[in-house]
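Residue numbering begins at 1 within each chain, and the chains themselves are lettered A, B, C and D in the order written.
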Amino acid sequence: MAMNKFINDSDDLPRQLLEGFALAHPKQVRLAGDQLVVRARPKPESRVALVTLGGSGHEPALSGFVGTGMLDVSVPGHIFAAPGPPRVLEALRMVSRDAGILFVVLNHEGDVRSASIVMEMAKKADIRVAQILTHEDISAGTREDPKDRRGLVGCLLVIKVAGAAAEEGRSLDECLAIAERMERNMATLAVAVASATHPCTGGVISDVPDGTMVIGMGQHGEGGRFGPQALKSADETADIMLPMLLEDIGIGKGEDVLVMINGVGSTTLMELYLVMRRVRQILDERGVRLARGIVGEFLTVQEMGGFQMCAARMDQELLALWDAPCDTPGLVVA
Amino acid sequence: MSSAVGYDDLVSMLRGAAERIRKEHATLSRLDSHGGDGDHGTTMLRAVNTLETTVETSRRQSIADLLEEVGWAILGVDGGATGPLLGMFFTGMAEAARGHDSLDAAALSAVFESGLASVERQTEARVGDKTMMDALVPAVRVLRSASDAGSDVVTALRRAAAAAVAGAESTRDLEARFGRAKQVGARSVGHPDPGATSMGLMFQGFLQGVE
Amino acid sequence: MAMNKFINDSDDLPRQLLEGFALAHPKQVRLAGDQLVVRARPKPESRVALVTLGGSGHEPALSGFVGTGMLDVSVPGHIFAAPGPPRVLEALRMVSRDAGILFVVLNHEGDVRSASIVMEMAKKADIRVAQILTHEDISAGTREDPKDRRGLVGCLLVIKVAGAAAEEGRSLDECLAIAERMERNMATLAVAVASATHPCTGGVISDVPDGTMVIGMGQHGEGGRFGPQALKSADETADIMLPMLLEDIGIGKGEDVLVMINGVGSTTLMELYLVMRRVRQILDERGVRLARGIVGEFLTVQEMGGFQMCAARMDQELLALWDAPCDTPGLVVA
Amino acid sequence: MSSAVGYDDLVSMLRGAAERIRKEHATLSRLDSHGGDGDHGTTMLRAVNTLETTVETSRRQSIADLLEEVGWAILGVDGGATGPLLGMFFTGMAEAARGHDSLDAAALSAVFESGLASVERQTEARVGDKTMMDALVPAVRVLRSASDAGSDVVTALRRAAAAAVAGAESTRDLEARFGRAKQVGARSVGHPDPGATSMGLMFQGFLQGVE
């Protein structure tokens, strides 16, 4: 199977992609420095800034969440490859301020590695920065020992609520506390039905046998502990996945849950809506309230087939922050 | 080559490593598709291209400065899990190379040990965890013991390269305990680790550079 | 190749999909009557209402454009099948008003057939309604004789500007005139690199040989006059497509053009941004101003690979209407 | 069957048509994937399922009322290009059936002619345009000429069904001039038109219902 992608020079892909990205969203973002994505209208210095880093190839994530109400700077790496420390440090320097910086890192080897070097450097450079690590993939590790849990689409929730808090003028400690609460409140599981193609190598990056699905596939198709099973219906798949998430976050009758169904590539919005429908039925049976149901493509993995289901316990403050207005290429709340 | 590694020899070693990676990058990406994200070859390619550019454009005349410059350049690459470790490896080497115009077998061992120590400060992965450490650690050990036993630089590097390749090959039967591949657990068994394989290739390239 | 889709009963698919859709966007839409999608907050009776119809399976289109600033009612049909006249008539009755209804119909056999029966019925029922047919696919028919031109993603532009005009309180005649101006100002071309699977039959609905692309493929892969050619890079593909569009709309130096790159399914945002980058370069060379660059998935065709490129001549009024706020599941302008 | 189509015969005819379509719907969708959107079979299936439900739940005792009810029910289906035409076909038939308790060959011809006329008011497609008209038009013509020549209902319907199938088959060599398939122009040659094929099946089913 030949690669069915419209690309040019694959080495230069991230730079070219950013150029097009900036052209499409001039009201929200612009490029600065060494391929950094920053807000078109910067936030006042008195507010906490939010910075993140991560590989490209997951559009709209993560640079798509730069804008009012969410991130201040995103440091996009090459395709599936975290950016090296120097550019990340440049980003921190760019928004360094007394109010401080909340630095959102997804738990993937490269991101964590780069971030830890950057945190050391930032300390030496007297930059006030607090790191929040998102790791909510329940297919690996346990809630008690989450270091193996990968960071999946839940980062969007963390960025949204912490971003809204920062916009409101909350302190770094408060923003961090909100981010941590959101992070601990959430759980995500990915299911894959078709692999992605790496746009630089043209190689298929994971193994999903035809007619099967793999629950717990992680971000790129690294795989998980479950292995392939026969592809199931939307309802049956939700019946398997949602209870695992609800159990992980330990949510009970009468509580508020946000459920997000994030398409990762070739799986249609149509299918995601079917899954959301079943989610609501399951929650109704359990007496848990679907406070917010989010369906869309926020963090993709090229043309991979499947979705990430994220469930999060919400309280009034988190709901208000989630509902707060934002204006970014990947999410606009009016 | 004389009995010690001078500036030009170091340049050859670095170029040798770049050449080996360039030849095998497709294999490395393919290895990374079992449990990884299929990009280790492209990432390494970016790293060694940067390494070569740095070597070519560097006007520094000291071994330590060159190593440090290479390390920082690789850190500057969008390097995923590999870049930071590889970058720190070279900056670590630079520390021990400071003050040396050339490196005999003993000094070279010390330089590599310092590189290894720098990597070890970044990661908790050790031998047996199915990472690049499975190639790097035995290579540095063997380099030291060969030099202690009086081998010349070329012989010591030859034995180190063999140890790196054997270490890489040994990862085939291991379960990954670090990096993306960790998640597939037992299913990582059967394929050598891409990072270990590329480290084996780097050492073969170092050797090629002095032979 | 088995079908890699999460669905349940395929007969019931459109209903189930709507149920999930409504759960995900309660602030913007709700369901009413016989599977009609209406605004959560209806528009005042004094304003012109906008209604459309069309097959499902193209999410977020068309029901995704219901909400403030765009449509009042969408009548979704079954997968790829226009709804029958009775439900469409129900929709018109539901928003029937003195100010009138603008009825947006995409030029596809089924939609047109159904709409024409409905227009007869509406006349008998004394409903004030004006129809606007969108037909901007330049791969068929000519600008002078556009009856064979299919309606592609350009409907979004028409719905957006006419919807904004209606929201402002313009009369039916004015809204129709704006819709017609927008319609005549635009041109679209689709390119396909991979076929879609029909979710009900599991069958592949068009023929795109591996390693090739088909320019002028239309909405579902009906095909067009060009036939397959070797897959080209993002730049080369834009180099072929954009000039054909610019020529069709006859745009010249110094004029303002809006270009939209609409992903139809499995083609990534990443690729669409690369295309947008090249679009800007081509326009720069010709001295045409990229007034707005729009990139996203607005009208999809299941997991089909490819995109639709739409170019439209803009004037100050159309730009202002395009930029006006809207709040719909498929497009939010803050 | 007697020499005229009564209410129960009409019910059998409609059921016969539904049965034929149900058996062949996959083929019809496949035919629609050359130049269409691959759904003609599913659309027809929805239409004939609705038809059957209507026939079953209808309490009307007149032929005209049943035909009208069926027509409206099919119009109510999400029927793409097919539904409105098929729906109008049945409502058109109803008009001419008004007042008849049963239909002899001549009356049946008039009823079918009225259905055809109703379709012709909706579309400009005619014989040779590679649409359902290529099956429908000759079928109705032959029905009339057989009845004019004194054939009984069964014989007339047998010849009409043969004409419909032959007409459908004849579309294989035509270029589509209406509907989605129009766009592929010359490339539509080589496959029979799905709508014509389903019309052929409907007539076979009508025949089956009276045999």
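Keep in mind that, in the parts below, a residue touches a chain if its C-beta (ideal position, glycine included) is under 8 Å from a C-beta of that chain, and two chains touch if they have at least 3 such contacts.
Source: prediction; values computed, not measured.
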Any chain in contact with chain B as well as chain C: A
Common touching chains of chain D and chain A: C
Chain at maximum distance from chain C, centres defined as averaged CA atoms: B
Averaged-CA centre spacing for the pair chain D and chain B, given as whole angstrom: 75
Gap in Å, rounded to a whole number, between the CA centres of chain D and chain C: 32
Between chain C and chain A, distance of the C-alpha-averaged centres to the nearest whole Å: 29
Chain B: positions in contact with at least two other chains: none
Touch-based graph of the chains, sorted into line, ring, star, complete or other: line
Set of all touching chain pairs, with the criterion as stated earlier: A-B, A-C, C-D
Interface residues, chain C side, partner chain A - complex: 1-2, 4-8, 13, 16-21, 23-24, 56-57, 59-60, 193-194, 199, 210-211, 231-235, 237, 265-277, 280, 290, 293-295, 297, 300, 302-303, 305, 307, 325, 327, 332-334
Chain B-touching residues of chain A, taken from the complex the two chains share: 10-11, 14, 55, 77-87, 108-110, 113-114, 116-117, 139-140, 148, 150, 198, 200-201, 203-207, 218-225, 227
Complex contact set, residues of chain D against chain C: 26, 29-30, 33-39, 41-43, 46, 72, 74-85, 87-88, 122-123, 178-185, 187
